[in-house]
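Once you scroll down, you'll see the structures, which are given as structure tokens.
After this come two complexes, each holding subunit A, first together with subunit B and then together with subunit C.
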Partner chain A sequence: MATLSIENAGKSFGDTDVLKDISLSMDDGEFLVLLGASGCGKSTLLNMIAGLEKVSHGTIRVDGEVVNDVHPKDRDMAMVFQSYALYPNMSVEKNIAFGLEMRGVGRAERKAAVEEVARLLQIEHLLDRKPAQLSGGQRQRVAMGRALVRRPKIFLFDEPLSNLDAQLRVEMRTEIKRLHQTLKATMVYVTHDQIEAMTLADRIAVLKDGRIQQIGTPSEIYNTPANVYVAGFVGSPAMNFFEVTLERDGDQIGVMLPAKLKGVDTPYFLPLPAGGQYHSHIGQPVVLGLRPEMISQATTAAPEDPVITCDVDVVEPTGADTLCVIRLAGRGAKARVSPAFACEPGDSMEFALDMSRACVFDAETGMRLYG
Partner chain B sequence: MPNSSRLAGANGKRRMAGRIFIWSLLLFAAFVYLTPLYVVIATSLKDLAEIRAGALLDLPHELNFSAWQAAWSNACIGVRCEGLKPYFLNSILMSVPAVILSTALGALSGFALSKFRFKGANTVFSLMLFGCFIPLQIVILPMAQTLGFLGIANSISGLILVHTIYGISFTTLFFRNYYVTIPNDLVKAATMDGAGFFQIFWRIMIPLSQPIIVVSIIWQFTQIWNEFLLGASFTTGGAQPVTVALNNLINTTTSVKQYNVDMAAALIAAAPTLLVYVVAGRYFVRGLTAGAIKG
Partner chain C sequence: MPQPKGGSSHRTVLDKLSRFLPQLVVAPSFLLILFFVYGFIIWTGYISFTDSRMLPAYEVQGFRQYFRLFAMDRWDVAFDNLLVFGAFYITLSLAIGCLLAVLLDQRIRAEGALRTIYLYPMAISFIVTGTAWKWMLNPSLGIESYIRGLGWESFRFDWIVDKDMAIYVVVIAAVWQASGFVMALFLSALRSVDQEIVKAAYLDGASTTRIYLGIILPSLRPVFLSAFVILAHLSIKSFDLVVALTGGGPGYASTLPANFMYEMTFRRNQIGLGAASAVMMLLTVAAIMVPYLYSELRGKRHA
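The block that comes next holds the complex of A and B.
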């Protein structure tokens, strides 16, 4: 059990900075997810924590001790790889015991430890098999067993579920979450899958181009994204963005949003409930962010939400919800409505906009304004 | 499934004619290649009188192994009349350690160059590749000086050293290119598990290397066993490998040219490489085409 803190860490390969000025700290037992698209540096950061990559500048501390120059094997961390990285020539039992063997643990003790982990992961019947004789999900369990058996201070996961099919991925996700709750261990988990991040994390760090864009709880990341990138990356379907101008109408501050109705753009003034804080930005271009669920059928909406009427181009039923593609501010936007209220494509319908949860970003910097 | 009889040229008479053409071409090629081998084997089993009778392609009247016996144990090479036997042993004493050493060193350096990449690893590798293209003739003089300096000129150990060094370029190339296909995550996982360089090499990489080890052994054994120039240049008399002895045996003429003994000696000298191919050949092809290890 351990705390981890990273201070101003960076990584350069030659002239290219892969990671810039990364700072974060983790409490004992926390589950941190590093989230980002491929090439954002999240795996490099994980490898730096593991000691598999040198830290170019800055420091990494475990339990307050600087570990920059500590060899990976002495950091007391274990890692689960996307490719599982099981040793193909060894049986499952030997795979799991290898780390203990390298650390000079005696045969009897190893056997007991392996059996305990195998029981925990329900792979006791597989101990004599070779990795090639296992299914993807079983390999994944063995890979986790190999990490668990050493009882390390910190667990590192490098996209461990990416090679599994969709159903198994959801199963193993729950399994990992349960494992974290049982072990109460400090875990760092790298993924590009925002749903994995949302479901597993105590906190998420969103990375882009080698920089942390935002660190926060899943709900902070989802409800108050720091910038347009985070807002667009997290959430499925993605948040709708509209380039609009902040305007004043009487004592209300809001935006003008044209909605297409019967082929004609009809402008609506949408007041922002907390408009006062945008005072200094009146007349400036901003980006309005509305998640699909903030655009819903007017019938069941709160009375204070502004209502717009517009054409529905495409209807995408997903089962629980139906997505309607409408045109707002000259571009396609997705609205999430209850299937009972969904209209036919080509018809028009009334949507209520939940402006209290809308995000407003600076058009130039992409940063969220206030709140 | 596509209907192959619909393909152009696949129907009836034209197809038959094509087949006949292909088969006769193949048979002709086989004949051209196999006839010399047949002549060598047949001649080695004939006695001199039968050979002198002149029918080169006739089968021997009886299976007469006396020429083989002579070639093995009492044919004269220079002034010594002990046959190929001592030189054959020399070749074994030279090839086996040289093959093992060059394969082991190639595996180790291939591992280092592919999985423990250091600054300039690629440059080192390209320089090593040069070794594959250097003609032996160029290194003979400096090598002779080196062997003299080390005091192992005209000895089997000297030849072992030369063949090991010369072979490392090839074996490194084999192993490096093979190890590149093994996922780096395996090495990372083993590092996290606490294994060091040699532990990873011995416990993880070597068990996965069987196909490429076979390739390396066949290649190196064939090269070293068949090598003539270095053997002729660096050894005399009792330390000569079998290839040099074979040459000398054929050039040593007493009264009549003993073609049957010459042929038998040639076959004896070629036998080990053939044997290695027969035993391990199927692994050779498998090793050459071996791809990534699926984890």
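The block that comes next holds the complex of A and C.
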């Protein structure tokens, strides 16, 4: 059980800075997810926490003590790897017990610890097998068992589910979440899968090009993304972005959004409910971000939401919802409607826009304006 | 669709041809191997039961040649030499090759150049290796005279003319030649080891030595086996290195079974005896290859 804090940490390989000025702190028992596309430096950061990579700048503290130069084995952390990294020549039991053996734990004690972990992960019947005789999900459990058995201060996960098939991935995700709730341990989890991040995390840190873009709870990340990158990376299908200009209409501040109807662009003025705060930006180009679920059928929408009518080019049923591809401000946008209200492709229908949840970003810097 | 009659019969001929094409292509080499390898193995086996001397004779005499063979001191020396040579050659080549591979695996600079340097001896023929080592080990030309020239007058390194040590000279030259090759085998296998396993072991608190001895090298078991089989059959058929290095001498102290067979068959007009020694060599190879092939085939069927 431990706290982790990273202050201004950086990593350079020669002249290339892989990580720049990373600062974050974690409470005891927190589940932090490092989220980012491949090559953003998230695995490097995890390796630095583990001690497998040297820290070029800044400090990493565990329970307040600087661990920059502490050997990985003395940091009391355990890691679960993407490839599971099981020792191929050892039985499952030996795999799990290896860390204890290296730490000089006695045979009887080791056996008891292994059995306890095996029971927790329901792999008791596999203890005599070799890793090659296990399925992907079973290997995953053994890899977790190897981390659990040492009762480390901090658990590190490096994309542990990405080698599993879709169904098993969902299952193991729940399993990891349950483990976290049972153990109340501090965990750092690296992934590129935003759904994994949303479902598991207490807090998410979104990384891009070696910098943290935003740290926050899943709902903060989803509802108030710090910039266009975070807004676009989290959420599926992705947020729709429109390049528009902030305008005033009477006492309302809003944006002008052209919607394509019968092949012709028809402009609509969309007032922003909290428009007052954009006062100083009137006349400036901005990026309006609307998630697909913020564009929905007008029939069931709140009465104050503005309604637009436009052509539906493509209809994509996903089961629970149907996605309609429409054209707004000259580019394709996705609207999420209830299947009961979806029209045929080529027809036009009325959509209500939930402007109270819309995000407005600076067109130049990509940072979100207010709210 | 109706087709002209000529065309359809033409097609069936082509169809038949293409169906048997793989067999047709493989047939010549199959027949040649059947005749020249397996045919002559049988012929040699037959000759070993005859009283052939300068020319093959076909009258079966039973196991007479084998009794003669086992009674000869020369054959005893050759076979003991094979055991000594094989044991040292295989273990030393494996140990040195493996060690070099582990050292080269530490992501050192100039690895490519070093790898080539170590691998190069394998590209040299045994005759060249033997000749070069013969000069180096010659007491009045090579290492011994060089060290004495430096001032260490009592220095002795004359294994090549010592009848008890001559076979070890052959071992030295052969190990020099083969360990680079073994290194290349191990290095490529080490490279395919999942680096995350090393990281995991590191976090588990294992030392580098322990990671290699306890985790990585045991997972290279198939490479050990392949290297062992390759080295084992190389050692049994070793012939030219002895010819170039010691000429089998001093006396016949460093002959190997292959040299014995050549000596008997082609120089002493004892074809029957030579054939008997060849059969003994074949059985030695088979004793190694058959269990290996058996385990390989069985493993495949289970996988």
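Going forward, the second predicted complex is superposed on the first by the 371 of 371 C-alpha atoms of A that agree within 3 Å, B and C clash if a C-alpha of one lies under 4 Å from a C-alpha of the other, contacts with A are read in each partner's own complex, and residues count from 1 in each chain.
Basically, a residue touches a chain if its C-beta (ideal position, glycine included) is under 8 Å from a C-beta of that chain, and two chains touch if they have at least 3 such contacts.
Keep in mind that what you see is a predicted model, and the values were worked out from it rather than measured.
With both complexes brought onto subunit A, simultaneous placement of subunit B and subunit C is prevented by a clash. Shared-chain residue A:Thr266: touches no atom of subunit B or subunit C.
Applying the stated contact rule after C-alpha superposition, one finds that A:Thr217 touches neither subunit B nor subunit C. In the superposed pair of complexes, A:Ser23 makes contact with neither subunit B nor subunit C.
By the touch criterion defined above, A:Thr174 reaches neither subunit B nor subunit C. Applying the stated contact rule after C-alpha superposition, one finds that A:Arg139 touches subunit B and leaves subunit C untouched.
Contact with neither subunit B nor subunit C is seen for A:Ser356 once the two complexes are overlaid on the shared chain. In the superposition on chain A, no contact is made by A:Thr318 with either subunit B or subunit C.
Note: residues 47, 50, 52, 72-73, 77-79, 81-89, 98-99, 102-103, 146, 150 of subunit A belong to the subunit B contact set and to the subunit C contact set alike, using the contact criterion stated above. Interface residues of subunit A facing subunit C in the complex, by the touch rule stated above, are 47, 50-52, 72-73, 77-79, 81-90, 98-99, 102-103, 146, 150, 158. Within the complex formed with subunit B, the residues of subunit A that make contact are 47, 50, 52, 72-73, 77-79, 81-89, 98-99, 102-103, 131-132, 139, 146, 150. Within the complex formed with subunit A, the subunit C residues making contact are 194, 196-197, 199-206, 210, 215, 218-219, 221.
Put simply, subunit B touches subunit A in their complex at residues 183, 185-186, 188-195, 199, 203-204, 207-208, 293-295.
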